[in-house]
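Two complexes follow with chain A in common, the first pairing it with chain B and the second with chain C.
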Partner chain A sequence: MKSLILGFVASLLVFAAQAESTATGDLGLIIERATGSVLLVDQSERAVVTRIEGLGDLSHASLVYSPDERFAYVFGRDGGLTKVDIVARKIVNRIIQAGNSIGGAISDNGRLVAVSNYEPGGVRVFDADTLELVADIPTGSKTIGLVDAPGRKFVFTMWDTGETWIADMSGKAPEIIKIEDMGANPYDALITGNGRTYITGLFGEDGMTALDLWDKTPKPIRVLPGYGRGQEKLPVYKMPHLEGWALAGREFVLPAVGHHEVLWVDADELIETGRTPTHGQPVFAMARPDGRQVWVNFAHPLNDTIQVIDSVTKKIIHQFKPGPAVLHMEFTPRGHEVWISVRDANKVMIYDTHTFEKLQEIDADSPSGIFFTARAHKTGL
Partner chain B sequence: MKSLILGFVASLLVFAAQAESTATGDLGLIIERATGSVLLVDQSERAVVTRIEGLGDLSHASLVYSPDERFAYVFGRDGGLTKVDIVARKIVNRIIQAGNSIGGAISDNGRLVAVSNYEPGGVRVFDADTLELVADIPTGSKTIGLVDAPGRKFVFTMWDTGETWIADMSGKAPEIIKIEDMGANPYDALITGNGRTYITGLFGEDGMTALDLWDKTPKPIRVLPGYGRGQEKLPVYKMPHLEGWALAGREFVLPAVGHHEVLWVDADELIETGRTPTHGQPVFAMARPDGRQVWVNFAHPLNDTIQVIDSVTKKIIHQFKPGPAVLHMEFTPRGHEVWISVRDANKVMIYDTHTFEKLQEIDADSPSGIFFTARAHKTGL
Partner chain C sequence: MRNSPSPRSPVISAKSSPMVRLAAIAAFLAGSAWMAQAGEAQNSEALKRLVHHDCGSCHGLTLKGGLGPDLRPQTLEHYEVDGLAAVILDGIPGTAMPPWRPLITSDTANWIAQYLLKPETK
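Take a look at the complex of A and B:
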């Protein structure tokens, strides 16, 4: 009896000790793409807390956080939607919600989680507590570029039909506004941090298309049409990601598709303000949170390199090789450090963004996306 | 012996149950100015978690959060610096660091907490872990407008001498750049969310003065000099606060001193773009996080009212009376709700920012400042 009690006390102590350290503001998850696992990490300690396994196919995964920075909703390539409790450090729910999914979003009030799917094409919306289906929105197309917008809205775009839909989930049933003629084969999209401007990248034509979501009847606005005109387009080894599109000061920085350059665009006028030639085809062009620097990684076979661009001069101020297959970067929320996934080195590297000094290496199994909990407080991340 | 063990188990269970719910992303603290206490609140639950007492004189208090959203550093009028652990829900350290303090800031890496003081005039910098003094920077003046800037910098301004100093704390000793001629009697300041532009409000003259902190040798830039010219200035019952100065789209919204209006200023050109007449002398003009709305409260005796301005039309779209002595507002990080302190009703009111519906009332003892933990991830808050 006494040993039973002591064992119980001991396990309580372990639990209490774990739980005691669960302020969640500086934690994060790193996708381990080959093993279906995520690493729970601590930014301040620059260290791994633990590994959580059993998330299925994470070969092209992303995630969002609940407003309390406790739960992560992980969107797997296999249609899996996995709810991870980073306080209890375990999976608390997991469903297979479609055959092939591409990304997700969480409503501004944290109550609804939406997933965009290729197969069957459309968006499904789930209760964030229970993962029960709240709304099924078939689109008849592969669906991409799903983001959340203020007022319990989700915005998403159709690869096949070139339409963007805005689903307002603030009432009982979704109210949907459909915008046609967004362009040929939109492949990804972003929403600005203020939730006002939605921009789709196009694969079927050179250029992008924007919507002003503050307009009651948003109309497609062409951005940089034919930006590659007169240049030979290179084979595209890896489509750039648009969620990383950066707002530096009053300009966006966009990776060009099939070209060795990033494009600078005035955020209000949506006109080109400059180009910076780069080492390779950019995949992510991400602004440090203060917008002073833009960090760029590249497609295979030049994916061992990072270039850092000064946003005032638009010139490259630093270049280095973290290692083979640099897949993703994540800045600390106030931008003093950056974490970089180097897949084929099985490492995540941490750098000081002011001195460019390497501060730490962390072991990880084929790391890809890095997601800090501060994303919980941002629109469109 | 057995009852001792059971008692111990029971207290562990209580502790574990408390600690278990400590994801900290949606928590906040509300200053109870009359009683030297703070309320720990939960945004998602719209509820009080607990009250923490013993923080001294909180008649003009503010606070900042550690990067992990676990610790709050509360700056009291009496020179008290109190470290509150919101996971353990108690004060873990408290010092009296000066005779009369006015505000504080935390470095981008979370290691340093700085406090600006009237008496003795200057800034003191403390180790965020231990509250041990790291640097003492006397200024020979009442010191106001202290903010953090990227790269372990603090920026602050002298009421008496009209100087702004930039203290770089990234090396062993502070390196200080001094900028003269900021204007007559600066009384408060703000830094933009990207850490680039620092703006001081002036009491001794009509107008403001800005610095471009990305400039290696920042020079004073006059903003709206003589904005009240030709108008009769009213007696100033309450100085407006500048930390609430709002960035809505590409414009700042600034409360005018001694006038019934807010001023719109282009954030890059720093020229006036409009004025909106208001109900009274504005105290806070705060943008909803998406910048679409600006919420304004007013000085005594018109301080029972809130006006909401649309940032596109610059027109007032909503006006209501939350109750007597509306002192402060805080938006949820993604802007769907706002919490409002109504001091003389001893209530905090929570509203939906899209429908303007009141969602909840919370009892609080003379509430003033409301601070959600998401501030941990922002520059200058």
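Take a look at the complex of A and C:
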């Protein structure tokens, strides 16, 4: 009888432990840029779970996830690197690793976290468990477009010198390949989901530059070299962003710089396949995960609007105004819904991507980047 | 910016002709100029928000620099208000600093220059 009771108590304990466990596959974090906090959100419930505070200056912040979707590494503008445990719902480690940073990446095996810095210019690589410094790679330039590539590699580009470096972290010390002549003032870069093509957008000249990372010694490939020639550039009040999700079908969709349009480029041939005129200077041109639609937001002062482009016809099929200062969009992993941060409305809006119906509004303090945990399993995100 | 009259963005269809788009932009700019003049006095909070959030997208929310340079008072002390306002209005050719003249009046640019040089006075 005693053992029966003990058995019953034990099974109760097991049940309690299970009830406390948290599934993280449909969770996400939203950056609250002005208050140094992040919102933990539940994508299926379309609701906030909790707010986590104390992350420093989060203007232009981004984050990556550990492969088990438990930890987020948040890269703050103040050089802060904060490790957030989304199961325990708290900060578990935080360092100030530089004076002024811009973004980060996590290696394919989840062991290394890299941060790109403006000041001092370069990349620093940290142990994902302890946040101890593993490698310091000064570049002498503001460093942008940092992504992870297969084989424990990080790829990044220099705003001032127009070089791209590939750092192979698979050995004891980083092995670095330097590629010169990527173009004038690269402002951001993306890597395709298969880890093969790295594309930098250029601010200082028209066009973009690609690298084939499957090549042992990648050479700069000019994409759209004559683009925009003879047309006066319009002022750019916010730099566009390039993200790995901009692959729609066989084509990249890229924001033009100083021209109010998005550009379509064949992913294999790297030649232009079309242009779609847009409402303003595009900031993000993001393909829905199935590639059928591209959602575009715009720079100040036209940043209250979103346009949706059909990737087959390359025509705008929907335009609407979520509210003042639309900063970011994140699709659910299968693309049925999109979350949109509207900074000056202090809201995140959730829309059905098929009917365009608004499904929910969530309160958030000056929201910017939205990051769902499914990014953990994508190269370049 | 939430509680202030915000500039109405022109709805420029992707199919609009260049002339229509130009006209829409011109109408929008006229509207912005009106907004800047009409509301300036009571809009200092909105202007601070513009500086920190929109200038801040390159210069950082705290203005300590990003892709664009540090804009804190100690870094700018070699500037006079007029010179700084001119940079804001006309940008710096060959760099990422755009001309803000299409969006703001010279009075607003002066206000921003004064705010950057002596934030405590605003």
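Quick note on the criterion: the second predicted complex is superposed on the first by the 359 of 381 C-alpha atoms of A that agree within 3 Å, B and C clash if a C-alpha of one lies under 4 Å from a C-alpha of the other, contacts with A are read in each partner's own complex, and residues count from 1 in each chain.
Quick note on the criterion: a residue touches a chain if its C-beta (ideal position, glycine included) is under 8 Å from a C-beta of that chain, and two chains touch if they have at least 3 such contacts.
These numbers were taken from a predicted model, which means no experiment stands behind them.
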item: Which superposed partner A:277 touches (first chain B, second chain C, both, neither); value: second
item: Touching partner for A:171 - first (chain B), second (chain C), both, neither; value: neither
item: Which of chain B and chain C A:239 touches, first, second, both or neither; value: second
item: Chain touching more of chain A, residue-wise (chain B, chain C); value: B
item: Partner chain in contact with A:291 - chain B first, chain C second, else both or neither; value: first
item: Which superposed partner A:325 touches (first chain B, second chain C, both, neither); value: second
item: Residues of chain A at both interfaces, chain B in one complex, chain C in the other; value: none
item: Complex contact set, residues of chain A against chain C; value: 33-34, 57, 59-60, 77-78, 100, 102, 118-119, 142, 144, 159, 185, 187, 203, 235-239, 276-280, 300-302, 304-305, 307, 315-316, 319, 321, 324-325, 343-346, 366
item: In the complex, chain B residues that touch chain A; value: 2, 5-6, 8-9, 12-13, 15-16, 19-20, 22-27, 43-44, 65-70, 86-88, 108-110, 150-152, 170, 194-196, 214, 249-250, 268, 289-292, 312, 332-337, 354, 373-374, 376-379
item: Contacting residues of chain C [partner chain A, same complex]; value: 1-2, 6-7, 9-15, 28, 32, 49, 53-54, 56-58, 60-62, 64-67, 91, 96, 98-100, 102-103
